[in-house]
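The next part holds the structures, each set out as structure tokens.
In what follows, chain A forms one complex with chain B and a second complex with chain C.
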Partner chain A sequence: MKMEADLKTGFKDKTNKMLGFYPEDAKISKSYIAVAFIALLVGGFLGLLQGLNRAGLLELPTWFNYYQVLTAHGLLLILVLTAFFTIGYFYAALSHNLGGLLPKVRKFAWSGFVIKLIGFVLAVIPILMNEASVMYTFYPPMAAHPVFYIGLALIVVGVWMCCIGAFIQVANWRKNHKGQHVPILSYFATGVFVLLFFALMFVAVEVLFMIIPWVFGWVETINVMVARTLFWAFGHTLVNIWYLTAVSAWYVVVPKIIGGKRWSDLLTRVVIIALVIMNITGGFHHQIIDPGINEVVKFMHVFMSLAIGFPSLMTAFALFAVFERTARRKGGKGLVGWWKKMPWGDVRFLAPFIAMVAFIPAGAGGIAQSTNQLDQVVHNTMWIVGHFHLTLGMSVVMTFFGISYWLVPYISNRVLTPQINRLGVIQTWIWTIGMIFMSGSMHYVGLLGSPRRTSYSTYGDHATALGWDPYLMLLAVGGTLLIIGVILQVYAVFNMMFFAPKGETEFPIAEEEDNATKTPYLTERWGLWIVIMLIVVAMAYVIPLTEFIVNAPPGSPPFKTW
Partner chain B sequence: MKMHLDEKIWLTISFGIIMGFMLITGYQAFALEMGPPSNMETIDPQKVDEIAPFNEPGVKQIGDNEYEVVMTLQAFGFTPNNIEIPAGAKVTFILTSKDVVHGFEVAGTNINAMVMPGHIQKITQTFDKPGNYLVICNEYCGAGHQVMSTTITVK
Partner chain C sequence: MNQSFYGLLLFIFLVIPPVANFMESVMVIHMHMQMPMLVIAGFLMARFFQKRFPGFFVKWNSNGLPGILLFVIIMVYWMLPRTMDEALTTQTVEAFKFFSLPFLAGVSLRNSWKKLSSLGKNVVIISFTVMFIGLGWLYIWSPVQLCNNYLLIEQVTLGWAFLTTAIGLVIYLGYNFFIDPSAYE
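Here is the complex of A and B:
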């Protein structure tokens, strides 16, 4: 009897191995994904409170005011949701692609998990006590409680651990597979972790060497422009890390779900390399209307930012070409008739598809904002909030939702039931309509001048501000729909994680076309790409940072203005 | 590597669009002098009140229907506030912050500038249309950020 059981488990282990499933590794991804969606639930409710406040419908209590809510909302959704999802997803990919995680790598992932959670708790406590209402951008000379920054530093260390774990995993595979290309999804993971590793250096320098000595009073003043510039070198890269994560599913997973083949392997890898090289320098477009940076430097940075648009335009072509090719193979006809062959009822396709479509206006808005004069019109208005709810809230997060409908069953050894699929389709449409309302009205009211990060105000009943109110009401309508979407999504995730029927779920990775040309090995030379990346970063940042430091004004002491 | 003709056309157009944005941005910034506010002067943020011109904030006429507004920003107000200027006046705002980072936005115009402690920011606008313009701080600056506003009356 026992032997039989042993045989049975042995057999099960083998099939698991063939499917590329490793229970120990799945636990890591499961924990990360669970935290990500809890963050979505809490962060989503905080978002609703803000939306209702902005529309003038809800006054928030003094012990939990608008700016506390906003700081927590940003931290939960911009740091926790995205970082935990990205790491959970890519660690699942590394495990599946590269023959299971090394025990050492699992240790890195778990230590990173614990350190990040401790860091997060430390950052949240001062926010709840109204000692850190500084937003997730924490621009000095606003100074939060020191514990807030220690928490942030620990989050950075925790993410670094996961980067290092991933590098060890990939390096080990490459050592044992000389001359082979790293499988495509792990290649995406490598790009993402390289970007994370370097981007975090900027914010680590800001927090560890500038802010912490200053809030503890070891130094009296801080260089405001240097801190701000270091923040955005990190901040915008983080944006593109989520984007690159979503793009990985668009290139690799979605073609498999619709029963098609992957786009050119070489072009896919070129897009990844281009995004890694050009990303960090994009941060400067957050400073287009700052003083202390001359117009020539700002013009150079318009180029640096717009250049990121090019690989995205390559992506746009690739994805729609894959859709058309696949649908025509299935007998789709005519200029647009082939659309009927797409699996519209499959949430694993529908959610990322709408996410991609949303990236068309989102990307166009991004290009508009990167140019100097257009940025001046919308900088720090609600337009910007609309923009990143379209990019992050739709393009990225809806892709994450789409991923969850196969990734969560995969790591939980369960299956996606037709009921949950239907729920997912409904969720996708609710989310889409909610975001169109919310992001649309944010964009428009921003053009009219309504500022971001500002609680409800009529500015002494000024006619201009009163004119914004109808749009802010639409914003609240969108926000209300979105909270329904959040609840459905979180329910679906935890249902698939703990209650769905047991069974095996495939990790969907599309194959290359049969007649695909071979990708040159040059794409594997990460050393080279990192050197080029660092040169580009140096081109972008050495001149302005030198200017800020050499011609620095006397620094600023800490302020608590809330 | 083989690339489909359609893709070549698409990528050429993409590249063209990006270059088009570059050229227009450059033309506006350097030929039409519509560049974003980028003043390079600095100041000691703790001694703003003692240093010219901020020791005397206010509206000064400097030419034929040309004005200079020297203004300090501080949580949660603008000094001077509720200013008046004649229609058609060309106004240069000279701004700095006495504490944290603030924003200077005049709704309904293209005036939008970051005002940093330690830096003097400048932005110029010609007010052709009479009216009461709402001026707001558009960078979160603390508990009273939502009340940090003033007006410019153009008549």
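Here is the complex of A and C:
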């Protein structure tokens, strides 16, 4: 592959810096990333309002109550920030790897962008009017204003357009490069867009065929269990899409930044395929406490969820091996002495590194929650909120932050200055400490029984509830640190996008190890993997869905509970 | 270790009574997991027989047709509700299931598939697709319980499993038809 061969000459080589840069494509990524970080800014402030409220420090006004704030916080951060960042990042990778986006593909990306924004505006209006306080999960029988769901449907269509654009781009490249492997980051992109494409079908069915007819009153009732199941088949997959996106940077970019080589190409691709095949079926672990699913089925799904732990452990092993090898090559010695050789002052390394470390307790918590009896203790408590602020708010988002320090200069034709790097390092530590406070106290107060999705209450000065207060105060302290982190991060992004000195930044993609085994072509047969994925999905969902539909209890009419 | 050995391990695992009992306790797992896994076990063990008795396969299955016919017959036989019922109530039939699916169906599938022309392969897949749609329809919309051993809800579940498998096969056929791998490889 020409591009990779050129990069072999080294990170600092001037001659290849401009390779694979296409201004038209960079505009797409820039727009996506800008929206992502605006979402972070707004969503972060809403988070702060929630944190202060939970600590009893702030009473929210009736025209903008806790549940409106929470719905908007969830949607902005879980949907807008992650989706826009993922698409911006992978489109930049596709453009760089595959010789620029085709004009047709650019059209798909732009139409997707516009449709998603329209959808988002439509979804936000009813939230602001207090007509859609249904949280980002929008579980029936809670029913929002119909416009909210139309907005969601448009967002789905917009993301689909980006998936199709990516498929066209990759297929075209493969036609022109017969028998070659798709470059690794584009391979990650393919996996992510395949997952997105199929996962979105589940919510599309839920929203279009179940909820919209029901909120318009064309049908009287809805099958709640089926709706929840379809939601989590999508929701859980979305979680793993973020994870796969973060992992792509861990495998491919971080080794380059520390001056090392990439871990086995074959194993990397196997991890991607394994995640694509096994993912969607994990959705049931969000329903471990749901009624109407028998224990055998729940047991099978625990198995499916834990199966995903295997590629994750492989990832952890691979990455630490890369770190150690690189550090030793640079003269690091001893059992732990090689740690000193890592570039701790480089935010592009530090942020994703801390993100990886955070994944260790985060993953452990996830395994605990997959266990029925343990989950009964923490289900719907603040523990869960602590869990996803650790996984998503730390592992994933900090990796995104780390990526932004080279991706934004790359797409803006500017450079990362030492000042912004220093700012980034400070931001990383603030975020880390803030999240440790916030997520740690959320976990603990959850164990003590404090419920999630509930605005501040002392429950008539009940002793148990009063016992939560010190932890909730710590939560607010963490939240305050985090908002400082948000402001620094957003400032850094827009500074790098518009004000940093002009210059060329390289897209960091690490090389394979010299003695790497050749990757078999089988890994490129996406048709095969998709068919296997569909079979696994059928195996997991046919039994419970048939049960839910055939033995369904009477359906539910819509409720406005707020 | 070679694949025949893995096939044997899989076979032994499936025969162990608690495993067999569990898989047979759910209709769809019985038909859509235990039975295919037995075929897969035979498919893996086939290597051993092919090496051991090369002459036999050349003589009796030179173009793959007799083998694939045997495979289809065995598969169709085990898709009948009556035979599943019998496997659960009569020991000898259960034994025949554990023998026929790996050693008659699995082995002959392995020995025949590569020998078939692409037309032959498509005919086999299309007939299974049609059959699965038919069986799905039968199991879902049959007003009566077809198996003594399984409740109606299990039967309906199995029907949906047949239909989703058929959908998977249709997608596969479509993929094969529309996408020319030589354009990419």
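As a convention for this text, the second predicted complex is superposed on the first by the 544 of 562 C-alpha atoms of A that agree within 3 Å, B and C clash if a C-alpha of one lies under 4 Å from a C-alpha of the other, contacts with A are read in each partner's own complex, and residues count from 1 in each chain.
Here, a contact is a pair of C-beta atoms (placed from the backbone, for glycine too) under 8 Å apart; a residue touches a chain by one contact, two chains touch by 3 or more.
Every value quoted in this text rests on a predicted model; they were computed, and no experiment measured them.
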Simultaneous placement of chain C and chain B on chain A, clash or fit: fit
Which superposed partner A:G555 touches (first chain B, second chain C, both, neither): first
Partner chain in contact with A:R174 - chain B first, chain C second, else both or neither: second
Chain B versus chain C, judged by how many residues of chain A each one touches: B
First (chain B), second (chain C), both or neither touched by A:F317: first
C-alpha centroid angle, chain C to chain B via chain A, nearest 10°: 70
Touched partner set for A:T546, first chain B, second chain C, both or neither: second
First, second, both or neither for A:I535, with chain B first and chain C second: second
Which of chain B and chain C A:G527 touches, first, second, both or neither: second
Partner chain(s) touched by A:L448 [first = chain B, second = chain C, both, neither]: first
Which superposed partner A:T371 touches (first chain B, second chain C, both, neither): first
Shortest CA-CA distance between chain B and chain C [superposed frame, angstrom]: 13
Residues of chain A that lie at the interface with chain B and also at the interface with chain C: 551
Chain C contact footprint on chain A (complex, rising order): 171, 174-175, 178-179, 296, 521, 524, 527, 530-531, 534-535, 538-539, 542-543, 545-547, 550-551
Complex contact set, residues of chain C against chain A: 26, 28, 32-33, 153, 156-157, 160-161, 164-165, 167-168, 171-172, 175, 179, 183-185
Partner chain A, residues of chain B touching it in the complex: 1-4, 6-7, 10-11, 14-15, 17-18, 21-22, 24-26, 28-30, 34-40, 42-47, 75, 99-101, 103, 105, 107-108, 110, 112-121, 132-134, 136-147, 149, 151
List of chain A residues in touch with chain B within their complex: 65-67, 133, 135, 139, 141-142, 224-225, 228, 264, 266-267, 287-295, 298-299, 302-303, 306-307, 309-310, 313-314, 317, 321, 367, 370-373, 375-377, 379-381, 448-449, 451-457, 459-460, 462-465, 517, 551-557, 559, 561-562
